[in-house]
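Okay, so chain A shows up in both of these, paired with chain B first and chain C after.
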Partner chain A sequence: MSSRGPRLLEWRLGTVAELVQETPRVASLVLDVPDWQGHLAGQHVDVRLTADDGYQAQRSYSIASAPEDPRLAITVERLDDGEVSPYLVGEVRKGDKVELRGPIGGYFVWRATDARPLLLVAGGSGIVPLMAMLRHRAAAHSTTPTRLLYSSRSLDDVIYRAELERLASASDGVTVTHTLTRMQPPGWKGYARRIDRAMLAEVCWPKDQMPITYICGPTPMVEGAATLLVDMAFDPASIKTERFGATGGSS
Partner chain B sequence: MTVQQSDLKLDGNAIGGLLREIFAMEMTTAEGTCAHCGRVSMVGEVVVYVNAPGAVVRCPSCDHVLMRIVQGRGKYWLDLTGVRCLEFSA
Partner chain C sequence: MSFISRGFRGKRRDVAAAGRVPPGQYVVDDFPVLSAGPTPRIPVAEWNFVVEGEIDEPKKWTWDEFRKLSTEQVTKDIHCVTKWTKLDTAWTGVSVDTILEGVDTAAEYIVAFSYGGYTTNLPLEDVTGGKAWVAFEFDGQPLHPEHGGPARLLVPHLYFWKSAKWVRGLRLVNENQPGFWESNGYHMYGDPWREQRYWGD
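Presenting the complex of A and B:
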């Protein structure tokens, strides 16, 4: 289970055991990976595709499954001009082999033994590593007070929507707040704008409760939210960020 | 399509796999000291641009270049001029 360990990071083959269409553009691949060493919530894997002519393309994908889950899951958003994601979302089939290496990363990880109140801020597919944390929290029977603020373009773009509803209704300390930035269903009473200072002030923990915060999503959203929290006098050392670039945008 | 600089701006988490090709340890928790401003940053929180031929790593405080990593023709080129010290667990 150690995330470090001086061993070579080797490419290995996983077999697609299950495919879950999460939204029209997003799918989860549940993989059987022989001799998987285990991972920590928040880590990622590199996935490599090789064309018939030998050309290789490689991308990083966050692990969506909890460390406690028997199989490894990644969740991938299809980018129409992408080299890897259109294959993983739409073309790959059950039983196919996928080449991957990992787990990678030790900075953007959360352990259920951390008792600090947890604030998770996600934009678009930035929810994925945070979902691994929520699944880890549930699997470890943690009651750490946890708040998720999740920004999506529309309700149809919300990844893991049903599971998030279940987690929030389990009465074990998780609240989930959505903001829908582009399109809202009729009668929507939630937030309908990009994450701003007023929203963070309403949703996040008071800073004197010393929360630990994880922010993941498109680069401008991550930097915006982190800057706002620092302006609100949150300890920068307690704010961890992961930037996904321009992809998976929630704007 | 308009490519903005912010589109290509990532962070040290994005080069975790690349660094594990070079180093035996998980490196996103390594701490580097900026040779220009002295700020100590975890690799996970530094600024990374991967649009260059390779990766350019910049200090999140003063924006000076910490590292350049280029890979090709079966070789790595690792320029660490901007890092005064890189500290990581054995």
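Presenting the complex of A and C:
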């Protein structure tokens, strides 16, 4: 049934222009999508796969590319018992077509015109929509003071590692802080534990600077970090969250 | 259907469940959490529930008063717009019919509103006639704050964003006013069987 609303989100066919293996389990699909209507940093798309007998499966994936990028990128973590992610990370080849629609979601979004200091807190593949924000910030030549706190299991699990290093070394106001929760390389001097109050207190902006915070990752990490910030008297309305499934075992 | 995803087979669900899973959904065993911000923590001593808007005398309950209302136990399938469906979820709560007992109103819609500022809109007829509850137990246990405790709206026949977490009242209104997600790209009604996920669906 069609109801009120400014636009219908139609299914479109994107062509895989590039595949980027980000980590052993994570890949980015860079897609050419004809007539893509554009998106905001932080939004997601629905992907629909169709088998030859008509069976279909749908999942949502955050957009990784900046709105300024002519191509649309999604970054997908392969879940071994999953249905869609092992296809997108493993089966799909350059030149294949992928059906998608979007962009979706009007709340967990950041615009480069927002001048408030920006705190981004990521766990694992929760970095993806936050990376779209960082890429948008760079493409728009924003100098908004920005801090990223990124929790990964090990250095090998850090998605976009080289690009994050480049963004942090551009001296235009971005700092990147990693914490490696399970395994650290020899000589690692950074954080080596789950995000806790002391870590957030060291990394986050002072409250009186009225920062805006985006947190994305597995539910316990998002729940923990958001609760800590509220306990530290940050305005709950300035904290936006996006959570992945508790087990993640089904995507 | 014309497009085929080369090399995609999929994991077929068992036939028994298939008729209970709306288009585009897949079954999960866990209970994912989706919220746009931090989880509000509301002590029951400070909790209230109100019915207001197009009503002669607004109604209000404290937690203790609310818990004296007659309760129902229901087992329902729930469907989240983010694609997961959870079958046979067991809830205890107060039917919205009980909450609205004796209310005389010309309103055709409601806005459910929550601690933390969340809102969602529904036709009144979708929360009456045994279709909706204010639930405070899941699987026989007090509802965890992550899942909307102390109490959440439960409207299982619509996508689950309509089942407002941390609900603190219902506002009876004459016009269908978009709530939080309905203003952010999601469908005004949200019938999972007609796959009404987004604007224009």
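One rule holds for everything that comes next: the second predicted complex is superposed on the first by the 241 of 251 C-alpha atoms of A that agree within 3 Å, B and C clash if a C-alpha of one lies under 4 Å from a C-alpha of the other, contacts with A are read in each partner's own complex, and residues count from 1 in each chain.
Operating definition for what follows: a residue touches a chain if its C-beta (ideal position, glycine included) is under 8 Å from a C-beta of that chain, and two chains touch if they have at least 3 such contacts.
All values derive from a computational prediction rather than experimental measurement.
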Where does A:205 make contact in the superposed view: on chain B (first), on chain C (second), on both, or on neither? neither
For A:160, decide between first (touching chain B), second (touching chain C), both and neither. neither
Name the contact category of A:52: first (chain B only), second (chain C only), both, or neither. second
First (chain B), second (chain C), both or neither touched by A:13: second
For A:104, select first, second, both or neither according to whether it touches chain B, chain C, the two together, or no partner. both
Contact-wise, after the overlay, does A:240 reach chain B, chain C, both or neither (first, second, both, neither)? both
Is A:83 contacted by the first partner chain B, the second partner chain C, both or neither? second
Partner contacting more residues of chain A (chain B vs chain C): C
Using the superposition on chain A as set up above, list the residues of chain A that contact both chain B and chain C. 3-9, 46, 60, 104-108, 219, 240-241, 243-246
Which part of chain C faces chain A closely enough to touch in the complex? 1, 3-12, 23-24, 26-28, 30-40, 82-84, 116-117, 146, 180-181, 183-185, 187-189, 191, 194, 196-201
Which part of chain A faces chain B closely enough to touch in the complex? 3-9, 44, 46, 60, 81, 101-102, 104-108, 219-220, 240-246
For the chain A and chain C complex, residues of the former touching the latter: 1-9, 13, 46, 48-52, 54-60, 83, 87, 91, 96-99, 104-108, 219, 223, 226-227, 229-230, 236-237, 239-241, 243-247, 249-250
Residue numbers of chain B touching chain A in their complex, please. 1, 4, 6-14, 16-17, 20-21, 24-26, 28-29, 42-45, 89
